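Read through the structure below, which is laid out as structure tokens, and then see the notes.
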Amino acid sequence: MTSTERADALVVGERTFASRLLVGTGKYASNDVMVDAIRASGAECVTVSVRRVDLDRSREEAILHHLDPEEFFLLPNTAGCYTADEAVRYARLGRASGFTDFVKLEVIGDQETLLPDPQATIEAARVLADDGFKVMAYTNDDLVTALRLEDAGCAAVMPLASPIGSGLGIVNPHFIRQIKRRLAVPVIVDAGIGTASDACFAMEQGVDGVLLNSAIAGADDPVRMAEAMRLAVDAGRASWRAGRMPARGIAVPSSPERGMLA
Amino acid sequence: MSEPIHIQLNGKDREVSSDLSVRDLIVSLDLAPEMIVVERNRAILRRDDYADVSVEDGDVIELVHFVGGG
Amino acid sequence: MTSTERADALVVGERTFASRLLVGTGKYASNDVMVDAIRASGAECVTVSVRRVDLDRSREEAILHHLDPEEFFLLPNTAGCYTADEAVRYARLGRASGFTDFVKLEVIGDQETLLPDPQATIEAARVLADDGFKVMAYTNDDLVTALRLEDAGCAAVMPLASPIGSGLGIVNPHFIRQIKRRLAVPVIVDAGIGTASDACFAMEQGVDGVLLNSAIAGADDPVRMAEAMRLAVDAGRASWRAGRMPARGIAVPSSPERGMLA
Amino acid sequence: MTSTERADALVVGERTFASRLLVGTGKYASNDVMVDAIRASGAECVTVSVRRVDLDRSREEAILHHLDPEEFFLLPNTAGCYTADEAVRYARLGRASGFTDFVKLEVIGDQETLLPDPQATIEAARVLADDGFKVMAYTNDDLVTALRLEDAGCAAVMPLASPIGSGLGIVNPHFIRQIKRRLAVPVIVDAGIGTASDACFAMEQGVDGVLLNSAIAGADDPVRMAEAMRLAVDAGRASWRAGRMPARGIAVPSSPERGMLA
Amino acid sequence: MTSTERADALVVGERTFASRLLVGTGKYASNDVMVDAIRASGAECVTVSVRRVDLDRSREEAILHHLDPEEFFLLPNTAGCYTADEAVRYARLGRASGFTDFVKLEVIGDQETLLPDPQATIEAARVLADDGFKVMAYTNDDLVTALRLEDAGCAAVMPLASPIGSGLGIVNPHFIRQIKRRLAVPVIVDAGIGTASDACFAMEQGVDGVLLNSAIAGADDPVRMAEAMRLAVDAGRASWRAGRMPARGIAVPSSPERGMLA
Amino acid sequence: MSEPIHIQLNGKDREVSSDLSVRDLIVSLDLAPEMIVVERNRAILRRDDYADVSVEDGDVIELVHFVGGG
Amino acid sequence: MSEPIHIQLNGKDREVSSDLSVRDLIVSLDLAPEMIVVERNRAILRRDDYADVSVEDGDVIELVHFVGGG
Amino acid sequence: MSEPIHIQLNGKDREVSSDLSVRDLIVSLDLAPEMIVVERNRAILRRDDYADVSVEDGDVIELVHFVGGG
């Protein structure tokens, strides 16, 4: 990072991140593609899941064989948990890995849509924050739930753009902007980003970062899409900071009206 | 030689020798202890304790690690 | 340009351009800001208007005092013209400057909305193409008009995203995609881009370039917005080439469902 | 109602309603306009608020001076309540009026946006349902919260289209459709409808009804807008039942291609 | 029509129509369904195509065996024509039927998208208007083309919502509103309507009528969809006349804030 | 004649005569009892009881009714 | 009896007898004249003239009518 | 000394001396000829000809250049 970049860097829980783009590590066709894509994305913060070692074929799965924790900041998630207790258990297992006391908290409330359980997420967030975790909480796009998560002590609140893996982009920008405007902690859009313009648009709503996985892993060319996402997040951030022109229903000439020939 | 004991390891019953430490168990499975987190009877073990904690008959042990996820 | 970039460079009328972003030079608060913004945008192709010298205060206006034609490719436009004859006259004056036989053809059909006159644009395009011009024609988002412009010999067809200076972005992506799909000559979205995500989204429709002016000149910080636009166009291009994931109404987990603890 | 209409009538808590349009009684310029508008809307179910008698000027306020409970089904709401306890208190006061054991439950979680408090709404719903109320619960557009409200015993779940009084219409139709698809109790879109096409579109998502207030009371001509809403809800219902043609990115002729002259 | 309805009736070329909904007669599964659907739609103006008699099986095709010209106003179209000359020929054949000097002018410019040819449509409109026709011209959503069609003497200008048979609804409401605002002759949205809310929304843009075919003929239940369309057009018209509330990014309570209990 | 008593009525202190029933209170305010719901010391009264319940010193009484709302 | 003549009718060659009026032709095809518009050699005939105009050898005749269309 | 002549220059009447070339005219206005395009009586002049073409009485001359535009 240059000093300018550092001045506008993402800071969560007092830690500064090299990029406002955070990426997941799931669903890649191969570990090589995953590593290449993550490098191309410029992301420093990389989410991982906590799972039982598969005692038959563990070697390929272990993410630490592929991602160097010196190069990337590994953020354990609680994906797959359906209760506050279960999420707390997974969060603690993740912390016990010894890399970090950050956790991406995710408590699912419905198996079909993978939408989060607001109440259980708030409960788990409170327990974990009280236990010293830096909680980055995945949530829906409801302001009141976001406010409660901030009250519960979350280090970051991460509303969805649209359901996990849907690729629909930000469906309700009003709600995302409300959340950003009202919270003091960083707001990171998590889940639902489908393409680069979605990520750019998300950043233009003023949020602090974007977390995505399927949009890169599910592209035809994940490495190139990762680069697109890096550029798109930087573009959206710069655009938001630059202050866009007003949109208007009328036309305004960009060439001078005077000086025409007779 | 010691009697075998029965534990539940990652959701499956397994017979192991009775004189193993948690560290021994991990190594015997060809896993790297520094990449594994151990939950024993619902309590997480500190990695420094792996060599000192012995596997007991009836233990429910979960060996977990990081895998790809979003 | 690296060799990779050159391999995907924009080519219009056999000329290769260093960037797929083309920018205008109108409406800047100062010439210094204009030059800084254009440099930050990375654009090589820069539109200019042909106007009478204002004999009282010409010095400040002359764009050649500020933009070095060695550094930038100056593309004269026919902005402000309302008939095919007028546009042909302005195009010839622009060519007589000695820099280029390219012209951005613009024949306005309505003063209030600044929407182009399809018929007059086609007529002027034919005359100019027959006269050896490389015509880059500003047009509405109608496929049939775009096809007629290609038939008339245009080197590029440039449909609007939305009215000039409106900043509404691409209102009808269906029409833009149809035009790109059906034309052989380059398609450049011209007019109506308001912010970086608009430019990124435009490129994701597969078009060959984006031409904008107000979105940079009208931003609170034009230089930063110019940089945002450079990134956004690169992001959109990479995203389109990478092939986005499908958008779908359903959720798909990005973390493994197996390996959960009992 | 004709027998056909009755066959497709809205039924909530075993009560059949004459219209799928439900309307509020707030913010009218005059009581006369209110009564005329409600009649024009065709609504049978009409929400009212429970408030202290203003001992200085009560006559004008009392809604029972203007709306005959024989003609309309008065549905007390708990608008203005910020806790579960407060909402329960208001619900009981409303029931004590002697007209109904239905209640429109509304527990606000944020004063600025008037968004509901999911957790407090679920709590109050459980208390009221256990106490014999037919609870119609105002909620956000989150499926998980809607499922919890159904579990709590609600007779109807009423997700917002957009914030109260915003007139933005349905911002997230995906979420509304998910809620309708997954719940067994009636789903009524409540809040945010701004115009007739919003109401029509809401019904086309398959929901069971629409509840609105500001869209009528805030129109230039409330009585005419009330009629528009009546027609729009009927149109949307019929349209949904009729099963729309598929939307597609391609053109399909509606006149025969054969039989052209030579 | 009641006198109120008559006062707001659609008038084209000095003829008053009983409904602002105009419907086509193509693509029905059977003639019986067609007649029932058209009756349910309430439309008076019904488009028909001019085609060679199929000398092998003419009986079933002839629309006059099914639609009584006393009951409906039959509007011949020039669908399927690709040049101005061809369209003029078909228009004259249609007029020679002896029912009307109205014609729905349609000159297609591209076989794949069925988009109109602006220039050829303007030419044909001029010829036909000079020949005494009341020309109702199908066109794209370009204001300049619409203005030229008005200048050419059209009795009504009929911009598309989206391509024929696509069912995408109004993609560019800005352009439709511009056309309505700037033209003196009636503006009727023609083509692309997919469902009732599309028709309602179209009318809310202030246009004078809606012409559709596939949305009814292609619905699962055409007769019910026809009724939905009738209601939707009436709803949209009433809504536009009523003057909608402003949409706003903020919430505004609809229940009184004073009078809360202590 | 009886001493006046002090009650809190709809959030304001008020002096009323000591021999009033709730019904009397409502009527004295020129209100129609059948349109009013009464909460007395946080308990809701049944309308049939209005005539039988007397207003006591220190009572906190809320008279509520339906107003326009969405 | 007269020689047959050759015409082009709705795009197809056809042999008809030489003494037919346009009206006769229509009726012979089992069509109702009042529902048919006739273009003969690119000129539209008035319906009143159908009985008076005879079909000539080499005529290009189009019989058109209204069909369903959008 | 020569008589002044009258021309229309960029839309305004102007009196200039009769012995000027187009190049002289441009330079007299403190403009750089290489940045100016000249249209004289609706015909565009080649820049190489500026010095050779003389300004004539009644000429309608437009001096144009590039300005900012979109």
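Each chain carries a letter (A, B, C, D, E, F, G and H) given by its place in the written order, and its residues are counted from 1.
The rule is simple: contacts are C-beta pairs under 8 Å (C-beta built on N, C-alpha and C of every residue); 3 or more make two chains touch, one makes a residue touch a chain.
Not measured: the values here are computed from a predicted model.
Counting hops only between chains that touch, subunit F reaches subunit G in a minimum of 2. Shared contact partners of subunit E and subunit F, listed by label: D. In this entry, A-H is the pair from D-F, C-H or A-H that repeats the interface of E-F, since more than half of their contact pairs coincide by residue number. Rounded to whole angstrom, the centroid-to-centroid distance between subunit A and subunit G, based on C-alpha atoms, equals 74 Å. Between the CA-based centres of subunit B and subunit F the separation comes to 72 Å, rounded to the whole angstrom.
Rounded to whole angstrom units, the spacing between the C-alpha centres of subunit A and subunit B is 34. Rounded to whole angstrom, the centroid-to-centroid distance between subunit B and subunit D, based on C-alpha atoms, equals 57 Å.
Across the assembly, subunit F contributes 11, 39, 62, 64, 67-70 as residues in contact with two or more other chains.
The residues of subunit E that reach two or more other chains are 24, 26-27, 49, 51-52, 77, 79, 89, 112-113, 115, 163-165, 168, 174, 213-214, 249, 253-256, 259, 261, listed in rising order.
Residues of subunit C that touch subunit E in their complex: 109-110, 112-113, 115-119, 122, 140, 142-145, 147-148, 162-163, 168, 171-172, 174-175, 178, 182. Residues of subunit E touching subunit D in their complex: 24, 26-27, 49, 51-52, 54, 77, 79-80, 89-90, 112-115, 163-169, 194-197, 200-201, 204, 213-215, 217-222, 224-225, 227-232, 234-239, 241-261.
Within the complex formed with subunit C, the subunit B residues making contact are 11, 39, 62, 64, 67-70. Within the complex, the subunit C residues that touch subunit B are 253-256, 259, 261-262. Residue ranges on subunit G touching subunit E, taken from their complex, read 9-12, 29, 31, 35-37, 39, 44-47, 62-70.
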